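Quick one: structure below, then a few questions.
Chain nomenclature is as follows: A, B, C, D, E, F, G and H, assigned in order of appearance, with residue numbering initiated at 1 for each chain independently.
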Amino acid sequence: MSALSALSSGETKGETFVINVGPQHPATHGVLRLKMTMDGEYITRAEPVCGYIHRMHEKMGENRTWAQFLPNTGRIDYLAAMAYSHAYVGAVERAAGIAAPPRAEYIRVITSELNRISSHLVWFGAFLLDLGGFTPLLYAFDDREKILDILEALTGSRLTYSYYRFGGVCNDVDDDFIRGTREFVAFMRPRMKMYHSLVTDNIILRKRLIGIGVISAEMCRQYGATGPVIRGSGVGYDVRKSEPYSVYRDLDFDVPVYPEGDCMARYLVRMEEMVQSLRIIEQALDKLPAGPVMASGVPRTLKPPAGDCCFAVEAARGRLLVRIVSDNKEMPYRVRLRTPSFCNLSLYEEASQGMMLPDALALLGSLDLVIPDIDR
Amino acid sequence: MDHFPAQDLIVGTVFLLCVATTVAGALLAVITTRIVRAVCGLAICCVGIAGLYYFLHSPFLALMEILVYIGAVCVTIIFGIMLAEPDLTYESKRDTTVLWGIVALLAGAAICWGLSRLGLQGPWPAPPAQVSDGSTKAIGVSLLSTYSMAFEAISLVLFVAILGALVIARAGRTKA
Amino acid sequence: MKLLHAYEQADVFLVVAAFLLAVGIYGLIRRRTLIGMLISGEIIFSAASLNFMALNRFHAPDPTVGQVFVLFIMGLAAAEVAIALSIIIAVYRNYHSIKARELADLNG
Amino acid sequence: MLDDVLSLARANSLWPLTFGLACCAIEMMAAGASRFDISRFGAEVFRPSPRQADVMIVAGTINKKMAPAVRTLYDQMLEPKWVIAMGNCAISGGPFVFPGQYAVVEGVDKLFPVDVFIPGCPPRPEALIEGILKLEEKLTGKRRWPEVIPQ
Amino acid sequence: MMRTEELYDLIYVFAFCLGGLAFAFGPIVIARLLGARKTRQTANKTGQFVECGIDPIGDAWIRYSAVYYLYALVFVAFAVDVLYLIPVALVYNREFAIRDLVEMLIFVGILALVIVYAWKKGVFEWNLRKAAPKTFRRS
Amino acid sequence: MSIIEPFRLLLFLVGIMAFVGLNAAYLVWVERKGAARFQRRPGPTEVGYGGLLQPIADGIKLLSKQLHVPPGADGVLFRAAPLLVMIPAMIGLAVVPFSESLVARDTNVGLLMIFAFGSINVMAIMLSGWSSRNKYAIISAARIVSQDVAYEIPMLLVVVTMLMATGTMNLNEIVQQQAGWFWRWNIFRLDVNPLMPLTFIIFFVCMLAETNRAPFDMAEAESELVAGAFTEYAGMGFGVFFIAEYANIILGCAFATILFLGGWQSPFGVWSGVFWFLLKMYVLVFTVIWVRWTFPRTQFYNLLNLSWKLLIPISLSTLILTAVVMKVLK
Amino acid sequence: MKALLKEIGSGFHSLVTGMRITLGQFFKPQVTVHYPHETLKMPVRFRGHIELVRDPQTGKAICFACKACEKACPSDCIIVEGVKREGERRKSVTEFKLDFTKCSLCGSCVEACKSEAIRFSKDYNLASVSKEEFIMDLFKRLESEQPKPPQAQPEQSKEAA
Amino acid sequence: MISSLQELADQFNKLIAQDVPLPTTPAVPVAAGAQVGTAAPEPASPVQLTDHAAKGFHLDVRLRPERVVAAATLMDENGFAIDAVTGVDWMAEGQMEVVYDFFHPAHAWRVVVRARVPREKPELPTISEIYPGANWHERETHEFFGIVFLGHPNLTPLLLPEDATYHPLRKDFKA
């Protein structure tokens, strides 16, 4: 044991103190509260206190018609709203036996992936902000604006898209969209290189991320952590591969995996994922079939047959599972949202033990949490 | 020789201010009930003493006094307080025995009085002719020549002191 | 006018030094925490240095000597603080208190 | 006269509290980013401590668990202070209000006085800028900038 | 008698000290005059210490900076040592004397020992302090 | 002269106060504009032409903001701390030679003066943090202080190295020694120490750390400690710390210019003057801003260790190297 | 030792690279849209609050108060009232209250309306000091503003960069 | 370790074999106006392989509440990861269903385990000692449904205010 840790190890009573990080704290990206019991600079226990932005999504699911719940899905994880709509729409389609036409499925994939990139860009910027770098945040937001322009022209909204419908999507894409997306893909590739030389190679950043906040694969499994978190721990689990939905089966992409399990691994996974998303988008644009974007014969008021069914997607933060229980009425009997941030955060208490405050916050940032996604 | 207008007045006032600062700082250091304020008192006292050194023709020492005492000693003491004395930010007066207070006061007054008398009355030799200018460079020269042993020794002393301090600081944990 | 030229009289410095010593001793007796005592001790050290400097300035042939000695005193004071603080902390860690009286109780 | 100068200065130096709640906060960040850049109006100095902030931009949903914390933050801000309610959630609970709801506070104006409301779900960053301009207008009594009439 | 140079130095330092004080004092006085005295509040929490909107748990004046204390210790030794070097450095360039060099080397060598010792003793180590892994499985 | 002297004093006092005030105000503006440029946005534009009135608006705003001392804090120290922070910068600038004659007080111990009064700054931050009685503030203050003291050592070592070469603590003399072409500047004095440019970099890094600038900005490590040591300070109390930060940057850059870049000497040996000094100083200031808007923040422990494990050993070795080289070359 | 030197070297290099990149950005043109002076053009599908559509022939609102939108709205922010006037085939709207402060801009109402009587406006920069302003009667709004020829915005519009 | 879902189903069958068959609780009368639901007809066998394309999971297991710990252990031993724990309030039948979702990080397997508890005494053992990740899910299920997980280390509200005593996702909840 080193001198420092020896000196500051808490044998005597009253040496620890409790410090609140959040709900209004720049590092918690919203209203998460961490009740940190500190022993000097070391964290003995970091207990996340959630619920500061609980918005009753599951209760609202039981109070609205199947279609009326759709706008909510864009507000659970507002950074990757498309994926959430996708999961819900997919679940309802599965329950009601509706199949969206292929063009719609391709559009869903393209928009979801665009949305994933924009979400990762926000994470990238916010993570760097956590680490004290401000400029990359604005560069990332710049790039994100380009995606938002594309998506806004398509859906009419920048964040909360409400774009998917049971049986398709509400607007067809036009040539502008396709051209804009291709331009974006071409623009983004060199941009990623720039990020790597500006940020990834930076010695300060490497010192802050490498070997910090190691999460083992076993821990991910026991906590149900998914997405970049588990992939940064060496497990190549990706819902797009393991339970392929939509048209992901027809698209060729890699699942980036880094075995180290530290913050750097998660960082690299996300950076690599953006590149893979670009690849997916490119292929999907090439393969985009002609045809309608809405299935015909979807009833105006939907009443899926009784029973329960699940639909999982790979949202930007990991595995999102929507479980719906229908009792053959206009409204869902139960909508359960298993959100990735919730599970990813639940391992924080164990993972952050014994870390120092700045490292613990780097770990928090590397989990890429969206708080309403936890609190729902 | 040029003269700053009211030079005597200004310099004299500054000197008195220095004395006042020293005295006030020292008093604050021993009287206040908050330990951090006592450190501040020490710091203030040191500023005053630095001023006095300046008047004693040693600007170098004056600045060193500030650097060593405020920059290093006071800061370390505050760290020490943070580490060791959380519950004693207030030193409660309540249970201080009056007796001790009186004893201390008497002792202090006696010493002050005695020494002052000694100092004022003492048959001090007349100032002899100065053999060096006492500048910083002179100090440097004497450190390298006359006092070279002491110069090396002091670094050794500090080294050993830190060695000891680190060992002791770590030793405390073995208990409990 | 004498007051304004006080800085040219050794007596003034000697009186201030004596006063500092007295205050230091008062503090040493009165303070009940070890760190408080340490601070008082520092004041005593300062008193000594001041005396040294004053006598050196007014009554010694080589003004360098006094400065060098005060320099050494400063070094020693710093070393003393380092050691004393460490001891205080060690004591605190063992007895959970650095109130001097309680320490005495524990010894007795 | 002095008051005019003061309010002019205040109006042009609105330091917001770093305080994002939900989706709208992302648009608030976007408003600070290069495309919209609220720094043009001197309002980009996001202060994390309420003591140093002038305006609290409530961007997102406030629920009943959060309400005491928000009130504390409001209290801890020092005079003069203003509040901008950004987004429908902050104005009235927005899309989360339904009969029988148990969690959201139906509008921050139930907690403390609000100076400017910016509706939308989420409002575009321009709307936030417009809100800041409205607040300046409210402070100084006149508008220095052209009105933008959307087509 | 003090040299005029020194007296002037003194006067300037004193004046600039006052200037520095005034620089900070003035604005604060103005702020005192202009600023509001009362805060609008809704939950009576204006005086509470800022802690992200939550009531602080426990006092902030607690024992604390264990980790920094050791740094401070090393600093004390080091700073004082370095300060001794200043007068020496000033005259170092005067004449050729290998003795100066040797003395300097010894001094700096001992100085370096402080760092080496502290390094070896792990003062500069910051290890992750993992508690024993929780046992989740019932054994 | 005796009659001129008080006017001179007053003139310089007012001049330097104005210099500090203007610089602090407009460095903030430059910083905001510069940051904006790095991020491809305009920065303040709407308040006055090009946002030039922005600092003034901010200043008046801060002046009219309510002051607040949290009940339960140590009120005396809480109020005293901001009063102290301007002193070091003022005294430091008093001994800085802007040009051969443009120096408030050309004292023989100028160099030491800057350091000595610098420690008051450390004390002030410590007190501000402690007296706030706020956990973030105390942690932050402890960090800042240990950072400041940690970086003071390599800085001192570098300065000692320079002193060996210059043999004087008079800043003006130091500059005068660097007269002539730019390879006479201390940074290029490879004959004194072949590692001189490295020494300059160490000095610059230390200066960044001493002024609590990114990437070493523990004072406002907002993603960890909210607003650091100044969390509880409001309005002008905070404003003073803010001004002091910029005043210290100016001082640090001026100091680096004098020690290493030849102060007011021109690079070509002719037309020396205050212009060159300001140019060099502001180039350094720009670099400080540039660095801030490029890098993420270090962890505090890496920050401390950077000093203890890297900078101090290196500066110790440059010290020894210089000592050896100077004796050997003689 | 060698590793350390290498780390220092590569670290230093990375720092210099970073600074070079930011300096490169320093000299690039800015991407900002100076909002009150210049504006972005909202895309065709932009969703502002909803507004009633005028029948180009009659100049009246198309809406016939069928309340389909009211039912579809998840946030209950639409209240439509209409009367059946003599001699008219369908009801005509008399009140169309929109509580925009609750709207989630989901588009259900526009989709629900089979006769395309409502659409999204392009009001993207609403802000006000009172929230009552956003509880609007779209019908009155439609009545009060006369159909006017489209006029060019005084400021130039800037396409998304 | 198992190599196919069928094997897993067999293991579950073995686990359940000793049990008495699940009793079917009679429907209890429900207060008027409350929203009630009727569950879909239950499959005959408690361990059922299902079509992923239609349901979103591969294996559907119903078991007695006492068996959840054994089931979770089984899942853990076979390398499954916890996906979610949640409740469904079958008010008309006077029961609450606790649904455990599992996924396998290496294989594309999804398993659903369900247990029903009576509504008046909704209690079943915790699995948070096997899956620490279940801790939060169970806390959430507890606060929203009032289902008590016996042996849970910290069954306090997670998302609702700390002093909340209501259970909003129960069908008879009124704000």
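Note that a residue touches a chain if its C-beta (ideal position, glycine included) is under 8 Å from a C-beta of that chain, and two chains touch if they have at least 3 such contacts.
Please read these numbers as outputs of a predicted model, since none were measured by experiment.
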Minimal step count in the chain contact network, chain F to chain H: 2
Could you let me know which interface, B-F or C-E, is made of more C-beta pairs in contact? B-F
The distance between the C-alpha centres of chain E and chain H, rounded to whole Å, is 58
As a quick test, compute the distance in whole Å between the mean CA positions of chain F and chain G. 49
When centres are defined as mean Cα positions, the distance from chain D to chain H in whole Å is 44
By the touch definition above, chain E meets two or more other chains at residues 2, 8-9, 11, 34-36, 39, 46, 48, 50-54, 56, 60-70, 72-77, 79-80, 83-84, 86, 89-92, 94, 100, 111, 118, 121, 123, 126, 134, 136
Touching two or more other chains in chain F are residues 5, 36, 38-42, 45, 62, 64-68, 107-109, 112-113, 130, 135-136, 138-139, 142, 145-146, 149, 152, 169, 222, 226, 231-232, 235, 293-295, 301
For chain H, jot down the residues that touch at least 2 other chains. 131-132, 160-161, 168
Would you mind writing out the residues of chain D in touch with chain F in their complex? 5-6, 8-10, 12-13, 15, 18, 33-34, 37, 39-42, 44-45, 47-49, 51-52, 54, 78-80, 144-145
Hey, which residues of chain E end up touching chain A in the complex? 51-54, 56-58, 60, 62-67, 69-70, 121-123, 125-131, 134, 136
Can you list the chain C residues touching chain E in their complex? 7-8, 71, 74-75, 78-79, 81-82, 85-86, 89
Can you list the residues on chain H that touch chain A in the complex? 35, 37-40, 52-57, 76, 79-84, 86, 88-89, 99, 101, 103, 105-108, 110, 112, 131-133, 135-136, 144, 157-161, 168-169, 171
Residues of chain B defined as touching chain E within the complex: 1-4, 7, 10-11, 14, 54-55, 57, 59-60, 64, 67-68, 71-73, 75-76, 79-80, 82-86, 89, 136-137, 139-141, 143-144, 148, 151-152, 154-156, 158-159, 161-163, 165-166, 169-170
